[in-house]
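Mind having a look at this structure? Questions to follow.
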Amino acid sequence: MGLTARPDRQLVSVSPQSQEGWVTTKLDFLVNWGRANSLWPMPFGTACCAIEFMATAASKYDLARFGMERMSFSPRQADVLICAGRVPFKLAPVLRRIWQQMLQPKWCISMGACASSGGMFDNYAVVQGIDTIIPVDVYVPGCPPRPEGLIYGIMMLQEKVKRERMSDERLRDELEPDPASKLYIPPEAIDELSEPFGNSVHQTRSGL
Amino acid sequence: MTAPLVVPGSADPASTPATLRAIPHRGGALNPTADRIKSQFAEAFVRAEVIWGETNVYLRPESVLDVVRYLHDDAQERYDYLSDVTAVEYRDLELPLQVVWHLRSLPFRRFLRLKAELPKGTPLSVPSVFSIYSGADWLERECYDMFGIVFEGHPDLRRILMWEQYQEGYPLRKDFPLRGRFSRSEQLRQALAAQPESRYSMTELTIADAFEDLPLEMRQRLAGGEKTGE
Amino acid sequence: MVDEGGRVTTLEAPPAMEPELEGEHMLINLGPQHPATHGVLRLVLELDGETVVRCIPHVGYLHCGFEKIGEYRQYNQIIPWTDREDYLNSPGNNVAFALGAERLFGVEITPRCTVLRVIAMELSRIMSHLVWLGTTCIDIGAFTPFLWSFQERERIYTLLEQWIGARLTTTLTRVGGMGADIPDGWMDGLRDFVRTFPKTIAEVDRMVTRNGIWVGRTIGIGAMTGPDAVNAGLSGPLLRASGVAYDVRKDFPYLDYETYDFDVPVGTSGDVYDRFLVRMEELRQSVRILEQAAARLPDGPVNVDDARVILPPKSKATSEMESMIHHFKQVMEGPRPPIGECYVAVESPKGEKGYYFVSDGTPKPVRWRIRPPSYVNLSAIPRMVEGHLLSDVIAINASIDIVMGEIDR
């Protein structure tokens, strides 16, 4: 009862912005502006989302106004990996290797429901979200997302790029997935979690 | 343009194909081929039935190749087009596994379904029809990949849709759960370790110019079917 | 070699400028991530210099377990999956699936639904051929037709969006009918498209068909003879370019296709150029069918009046007990077909597309098999590329018109 003593906490927060001078801020602005407006995409297009990506790149929704018309199919020359489409387990090492071949600075857009979470393919064959393999910056939902949706996702990425700071030392580190993370759930637990949502993992009502 | 070489409907030029209407569930017209198979291959023929206008002929598994060769070569049959090779496993696990062939005769404009039943507990193998239809190549490989049915006589029967070291089983079998047998993390770990692009088969490796430089013992191991990187 | 009509028939190789060098063969891996493989296809090529000696294709990089999932879903719930396998031909797949399911159920669709489905299939054929056209032109080096064909696709997208709400993955049909009837004024939009689309075909024709680069890169490349093609199970424009006039719409008709007046283009040599010409002509023939279908669309209900398969209208389901029970059973359990099996094939833009259903009387199929035309078509690629140059491999692959979603399912 009464007042309890406040625990002794560190009240000083260090923000990268406060460590910078005027030159670094202006340099950041210039570099980020350059990067955000010329993100060369690496279209890792597998399925239907790739067709909507092509439609976004075509005349009506034109990606060229974002500086993204130069599709780089070589990961060495690309800035942003747009994973458009479902990624089965057989393709997972390929995606990982393509990501590792890209040079920093690099970003990733997970386009569509299947790339973000496995989508409608909750089965033995499909990776349940590419963020289990590579680090993702922007998730664009949709099946497939409309070109306007993809463009919104790209603009969100541009916002993210523009907020980057050179003084942030950890920014360009290569991220590896953490095997100890809680993503790894055994099949019995997954089935138990999804039971209330119908019998979509049973062939008959008796549970085969 | 010169006249085409294979003409659909050439065996019966007067026929005018039409959209099928009011097809009975059972008891429609039997494809005349069924009777001819019954008379020519009495031991191979098990039974025939008509469901939704399509004739199903059940054969003994070991005699499928002879019947198919007859259907392909005979002038009255001329089933020159293999549409599909697949398999069906029923939910009642006592029922046998069925291997299904869909054949079309383009000159006679006919469709026939052949089936062979493989009881559970017996080795799941049927003859391959690759020697008659080259289109059976990938269709039979997929059937093997998904069901584990061995097609004897197929030149290169290995997994096609899953990677060759896939260990979870045969996905389309009824005892294989929808989400697979392993946990998600284990599936991901196995998939990332599989690296199918860095494992070249014997066929591919003989091409590479470094093959002659490999040690003899390694070449022998590769000739025995082992893959690189294992 | 030029024939009397001035048309180029064969090309002779230029005289060898370099001495014959003894070399070793090279192993090249094309894919699975590659701009020109039309999806995640991996081709392992053995090259003697630039010439392909052997080709070993690897597929399965897009295998997503469609057929397995089909066993865990009711028939109407499977229709969204049919959009995603051959995603360039979504309305066509929806129609094919509905035809198969309706035969399995023993349900006859209404006349209005029949004509609407023909319209959907032909629009779908045009959509798919436009992607083929755009991507093939890009692969061989011409960029502009890609933009033109996608602009035309946008017009079809608008029509489909007005009809069913979705652009690409449409889920257009239901067992026994359609997801929605066309809105008022939609037919004017269709007629407008049909009137102006031939101009785009003519523009691409003017730019590409007699272009020296195009002709030089496609004539004599990747030919298959007719009997070989039939034996390999090829279908669609690939088979017809080799001289075999097998078109499922003509030989095993469905949706009253025998009452429409259209031609099926057939090639002679089966090379890449003939496949190109066949598909261009199919675009024009599809326009013809669309004009006829638009002229004959009857009034009437679009869904069959069968409470076993079609949901009753909301007004009845909330007021009448019987309709409420039907609605409940259909949503909770799903429509039950009788025990049986059937195989229904349609002419998709890629070839003979078939769905094979096996039912044991329960709402979910025992087996749902997709007969993929691109899968069988692609299996013939080793024969087609042997002896050609590496850049021809790209042209041949483009001419087969594959969709990896359908190949790997």
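Details
We just call them A, B and C in the order they show up, numbering each chain from 1.
FYI, contacts are C-beta pairs under 8 Å (C-beta built on N, C-alpha and C of every residue); 3 or more make two chains touch, one makes a residue touch a chain.
Computed from a predicted structure; not experimentally measured.
The central chain of the assembly on a C-alpha centroid basis is C. Between A-C and A-B, more C-beta contact pairs are found at A-C.
Relative to chain A, the chain whose mean Cα position lies farthest away is B.
In whole angstrom, the spacing between the mean C-alpha positions of chain B and chain C is 23.
The geometric centre of chain A is 32 Å away from that of chain C, both derived from CA atoms.
As a whole-number value, the distance joining the C-alpha centres of chain A and chain B reads 40 Å. Residue positions 91, 162-163, 171, 176, 178, 196-197 of chain B each touch two or more of the other chains.
Chain A has residues 90, 94, 123-125, 201, 203-204 in contact with two or more other chains.
Residue positions of chain C with contacts to 2 or more other chains are 32, 60, 63, 65, 68-69, 72, 362, 408.
Here chain A touches chain B in the complex through residues 89-90, 92-94, 96, 122-125, 127-128, 132-133, 179, 183-187, 190-191, 201, 203-204, 208, going by the rule given at the top. Listed in rising order, the residues of chain B touching chain C in the complex are 1-2, 4-9, 16-23, 25-26, 51-52, 54, 56, 80-84, 86, 88-92, 100, 102, 106, 109, 111, 113, 133-139, 142, 146, 159-163, 171-172, 176, 178, 196-197, 200, 203-204, 207-209.
By the touch rule above, chain A contacts chain C in their complex via residues 44-48, 50-52, 54-55, 58-60, 71, 73, 85-86, 88, 90-91, 94, 98, 120-121, 123-126, 143-144, 146, 200-204.
Chain C makes touch with chain A in their complex at residues 32-35, 39-40, 60-65, 68-69, 71-73, 80-81, 83-84, 87-88, 131, 134, 146-147, 150-151, 153-154, 157, 167-169, 362, 364, 404-405, 408.
For chain C in complex with chain B, the touching residues are 24-27, 29, 32, 42, 44, 46, 54, 56, 58-60, 63, 65, 67-69, 72, 103-104, 106, 108, 225-228, 230-234, 243-246, 250-258, 266-268, 338, 340-343, 345, 352, 354, 356, 358, 360, 362, 366-367, 369, 371, 375-376, 378-380, 408-409.
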